[in-house]
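Each in structure tokens, the structures are laid out below.
Paired with chain B in one complex and with chain C in the other, chain A is shared by the two complexes that follow.
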Partner chain A sequence: MSMEIILVQTVVNGLMVGMIYVLMAIGFTMVFGIMRIVNFAHGEFYMVGAFLFAILYGSNDVPFSISVLLAVGATALLGLLMERIVFRRFRGNELNGMIASVGVALILQNSVLLMWGSSSRTVPPVISGVLSVGGIVFPWSRLVVIIGAIVAVVSLNLLIGHTRIGRAMRAVAQDAEIAQVQGIRVDVIFPVAFVLGVSLAAFAGVLMAPVLSVSPFIGLAPTLKAFVIVVIGGLGSVPGAVAGGLLIGLIESFAGTFVSASLSEILQFLVVIAVVLLRPQGLLGRKEREA
Partner chain B sequence: MIQDGIRFVVGPMGSAAAVATKDQTTSGKVITMTLAFTPRALGVDAPFAYRPVITTGEFSDPQVAWLMKNTSAKQVVSLLPNDETGQQIGVANFNSYAKAGAKLQVEYFERERVDFVPILTRILMKADGLELGGNSPTTAGLILKQARELGYRGPVFVTGGDVAAEMLKVAGKDAAEGTYVHLPIDTSLPDTAAYVARFRAKYGPNMNGFSPFFYAGLQMLFTAMKKAGTVDDTTKIAATLDGLSDVPTAMGKAGWTGEQKYGIRHQIDLPFYVGQIKDGIVAKVATCDVNACR
Partner chain C sequence: MNPPTIKPMYYVGVAVAVVLAALLPWFAPNQFYIHLATLGCMNLMLVLGLAIIARAGQLSMGHGGFALVGGYVSALLSMRGWSPLLSLFIAGLVAAAIAAALGWIILRLRGVYFVLVAFAFSQIAVLLALDMSFVTGGANGLVGVPPISIFGHVLLTKPQFYPFALVCALTTLLLTWLLYRSPLGTMMAATAENQRLTESSGIDTHRVQVIAFTIGSGIAGFAGALSTHYLRFISPDSYTFWESVSYLTMLVVGGRDGVLGPVVGVLVLTPLPELLRATEGLQHIIYGAMLVLCLMFVPNGLASLVQTWRSRQRVAGTGAAIVAEEVT
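This part shows the complex of A and B:
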């Protein structure tokens, strides 16, 4: 295998992982930006989405598109329920909200464990086989993840940038009180943002289910990655989440391919430390206004 | 545990927990039968620690020697979690491959990792064999699936654990085809078959391969209690347990071994097997003891 082929392969690997991190981090950062809640249960919604998809598509042969809609829809409903019961009470209360989110994470993980057991489930690939171009091998299952994630990010960008609700969300993220004075119903925007964030996590879970395996314990790692990414990109910044996600994905891929897996973890956290020291607001985040 | 008057600990306690509690269980004269694969779990400094399962230290040399003799692999790569268990297995497997005339390159990863493609892209370039022993069944299945997706078609070995069923579920039948696995039990033995049938009737179809080992260990422990005439005096029970041999168990006749390797005969002595996955089913291809596979 020539160096050029390995380089291209490494970039594609990094993009796939990076796009999943982007999906996770966008939802995470949106919830923080709008509700000021660091949601450590975010990864568990990823897990629930993946689990529901595995049950529908993997175990019950429900058609792919219907499985995706049902898995993401049901997870979104669960997110709405959690927002109503738990998170609504902690808006703007970052510390208590974070602790509550850890509790929700444990409840979701253990509920799935009780309902469906601890053993791993596999999901058949949506498309099997590999795309071979000039000696470079691209598993179709991974290309589907990249394409699906790009479609989700572009759709979200259109929603936030070009719709009424998107503009309202941006206004609430900038200043909830001023937005309310301007007639924006923040009590509607909060659950919408939360459900949107949860849906992105569930969609990431659905995309990754056929590539990896599904178990009640898969939520923690993406949550930690999402947290790292939003620190790099800037808490509350959607473009920052995209940049941070792709950066971490590529670091993971290049360090894993050319150096060692352990070094890739070290490098990621060195980047986090460097960003926190040199640009505390993150690569694309805004500085907090001082009172 | 000591304050509660616990005398016996039997169960799938791993290396880290067993090593961490060794001083307390030794001073408290608590008889332990654990799943700790580390050589540090047994020794003259732990006279109450027993191991009812067969570990890498026992099966690695004969199994690897058989695999290297029966396949063309000479440059094998291994992926292992970067913790106590992974590093111990890495060292044991490295030495076993060297003894068998092959080279093993071990790559460690953080335990929560699920995407192995970057590492596999690098390490499979020069490899003609992939060793997955020492990983959880899920992780072994994920690595196998991702290696096959990258186009790897060489032999795959899983020297350790009882991973076949779960690995097959994760990797799929096609990816797992031809994989050589460590087979801890032989269900064609009447006693083992009877145990498996009883287990499945009571608990369902998914039986972990270590289950009959712990059952056999308990059968030895109960035999020692009967012979010693006590269920409380662990010093007397341990002394009786040490002297047992050819005890009829669910796994056949069991005794203790390990004096040469650990300085104490507290390692269960039972046969083990090499299996190969063929069309989604594991077929026994060799029967082994600590000296050789045939």
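This part shows the complex of A and C:
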């Protein structure tokens, strides 16, 4: 393989992984920004989404679009349930909310393990073939992931920036109390934000299922990644999550191709330490106001 | 409120518990119970380490990472001919030194960032253990770690090892109790209660938190090393994120205030995984459910139930005294 092809493939892989991380990080940062909860169970919703998709599409031949809808919808419902039963009680209480989310992560991961076993499943590719532009080929299976993720991010941006509920969400993120005084029903905004975040995670899982194999243990790594990206980009900042996600995806892809995968993890850790030291509010985040 | 006075009854209770724990090898029906008690001792040390960090208002999701570092340090040193008794302490010091450096950098920030970096650190520790296979044996880990020997007494069997583990755990318990009653302990509690107010009283809260993190992680390193010499084996899987989570569960279920909480949490939760070995998933679900339910309904842990009961008794007692006074 020529250098050019390797480079292009590395970039495509980096963008694909990066976009998945972006989806994870946006949901994570939204839940934190609005509910002040660090959700350690975020990656488990990714796992549940991927698992449901693998069962529906991979094992039972349900049509693709229906599988996507069902997998994301069912995960969103699960998220709503968890918000109702658990997370609602801990909003604003950062420490206990975080610990509770760890409990939820344990429950979700091991329920899937008990129900469907620990063996990993592979999902047949949604699309095959390649797109060739000027002699360089791009596999469609990876482009689909990138395109799907871009569509999700853009529609979320429209929702947050240009709808009533989006405006209400931004208001609650700034100051829940003042928002309530202005007549925003905070009790509705919290579950909406949580379910949106969970749905993004589930959608990321669905997109990744055909590319990676699916097992009950795949949730922790994306949680860590979302965490890292959000710290790099700035807690609560959506543009920061996009920039950070793409950065981490590309670092991972390049380091993985040319050096080694664990070096890239260590590199990311050092980037985090550097950001925390030099620019604690994150690359694109605003300084937290002193409460 | 007056400082809690310690009643003689309390000392008797503690003494009885210690004697019962020490006599366990004689009345345990089989070695399995001794094994469980040994694990409990090591869990207690790890949870106490976590409790000290929590006492200063922080939460470490990377506690297992420090135990892993300690385990590897002690295993590698003792396999190169160092006395395990010495390498245990070196392991604790190395873990403490890493925590001090890391804490100094990250503890200036708000809680969430600290949690992330500690969490990421533990992941890096696992990765390094996997990757540097020329030293650490990679995924296979290190087999045949030498046992601990004290003045020529080799602690090979379970009944031989248990008293040593118990002494270590009780010493840690005593030191933690003394720490909580010292001025530093008061500073830690004040920092957790209200960092700004404490800062404005002239206390360097950053330093207090770094010290708490250093002590707690050092204990984790020591306990990880102890466990490595007991099992005579360590691998990257010995202390994963989920081990860190289980220490956190024990702490939260038992209670975060005082030293009684960790003891209760360890007593309740250590036997559980061993009894449910066959269905590994179920055990974790029970851990998760207990964690969430405790936070919802007993946020101060099971140990706080004892305290509430005791203070109710005290209130009832003073009430009766007042009534008696009025009558006379």
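Assume the second predicted complex is superposed on the first by the 279 of 291 C-alpha atoms of A that agree within 3 Å, B and C clash if a C-alpha of one lies under 4 Å from a C-alpha of the other, contacts with A are read in each partner's own complex, and residues count from 1 in each chain.
The rule we apply is simple: contacts are C-beta pairs under 8 Å (C-beta built on N, C-alpha and C of every residue); 3 or more make two chains touch, one makes a residue touch a chain.
Because the structure is predicted, anything quoted here is derived from the model rather than measured.
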Task: Simultaneous placement of chain C and chain B on chain A, clash or fit - done: clash
Open item on the list: A:Thr257 in the overlay: touching chain B, chain C, both, or neither? Say first, second, both or neither.
Closed with: first
Open item on the list: Is A:Gln109 touching anything from chain B or chain C once the two structures are fitted on A? First, second, both or neither.
Closed with: second
Task: First (chain B), second (chain C), both or neither touched by A:Leu95 - done: second
Open item on the list: Once chain A of both complexes is superposed, is A:Ser120 in touch with chain B (first), chain C (second), both, or neither?
Closed with: first
TODO: Identify the partner contact of A:Leu277: answer first if only chain B is touched, second if only chain C is, both if each is, neither if none is.
DONE: second
Task: Touched partner set for A:Asn39, first chain B, second chain C, both or neither - done: neither
TODO: Would you check which partner chain A:Ser237 touches, where first means chain B only, second means chain C only, and both and neither mean what they say?
DONE: neither
Open item on the list: Going by the contact rule set out at the top, does A:Glu265 touch chain B (first), chain C (second), both, or neither?
Closed with: both
Open item on the list: Once chain A of both complexes is superposed, is A:Val86 in touch with chain B (first), chain C (second), both, or neither?
Closed with: second
Task: Where chain A meets both chain C and chain B, residue numbers - done: 220, 260, 262, 265
Task: In the complex with chain A, residue positions of chain C that touch it - done: 59, 61, 105-106, 108-113, 115-117, 119-121, 123-124, 127-128, 130-131, 241-242, 245, 248-249, 252, 279-282, 284-285, 287-292, 295-296, 299
- [ ] Note which residues of chain B are touching chain A in the complex, please.
- [x] 82, 107-110, 112-115, 117-119, 121-122, 125, 137-138, 141-142, 149-151, 166, 169-172, 206
Open item on the list: Which stretch or stretches of chain A touch chain C in the complex?
Closed with: 32, 38, 40, 86, 89-90, 94-96, 98-100, 102-107, 109-111, 113-114, 220, 224, 227-228, 231, 235, 260, 262, 265-266, 269, 272-273, 276-277, 280, 288
- [ ] Would you pull the chain A residues touching chain B in the complex into a rising list?
- [x] 1, 6, 9-10, 13-14, 17, 119-122, 124, 130, 137, 139, 141-142, 212-213, 215, 218, 220-221, 252-258, 260-262, 264-265
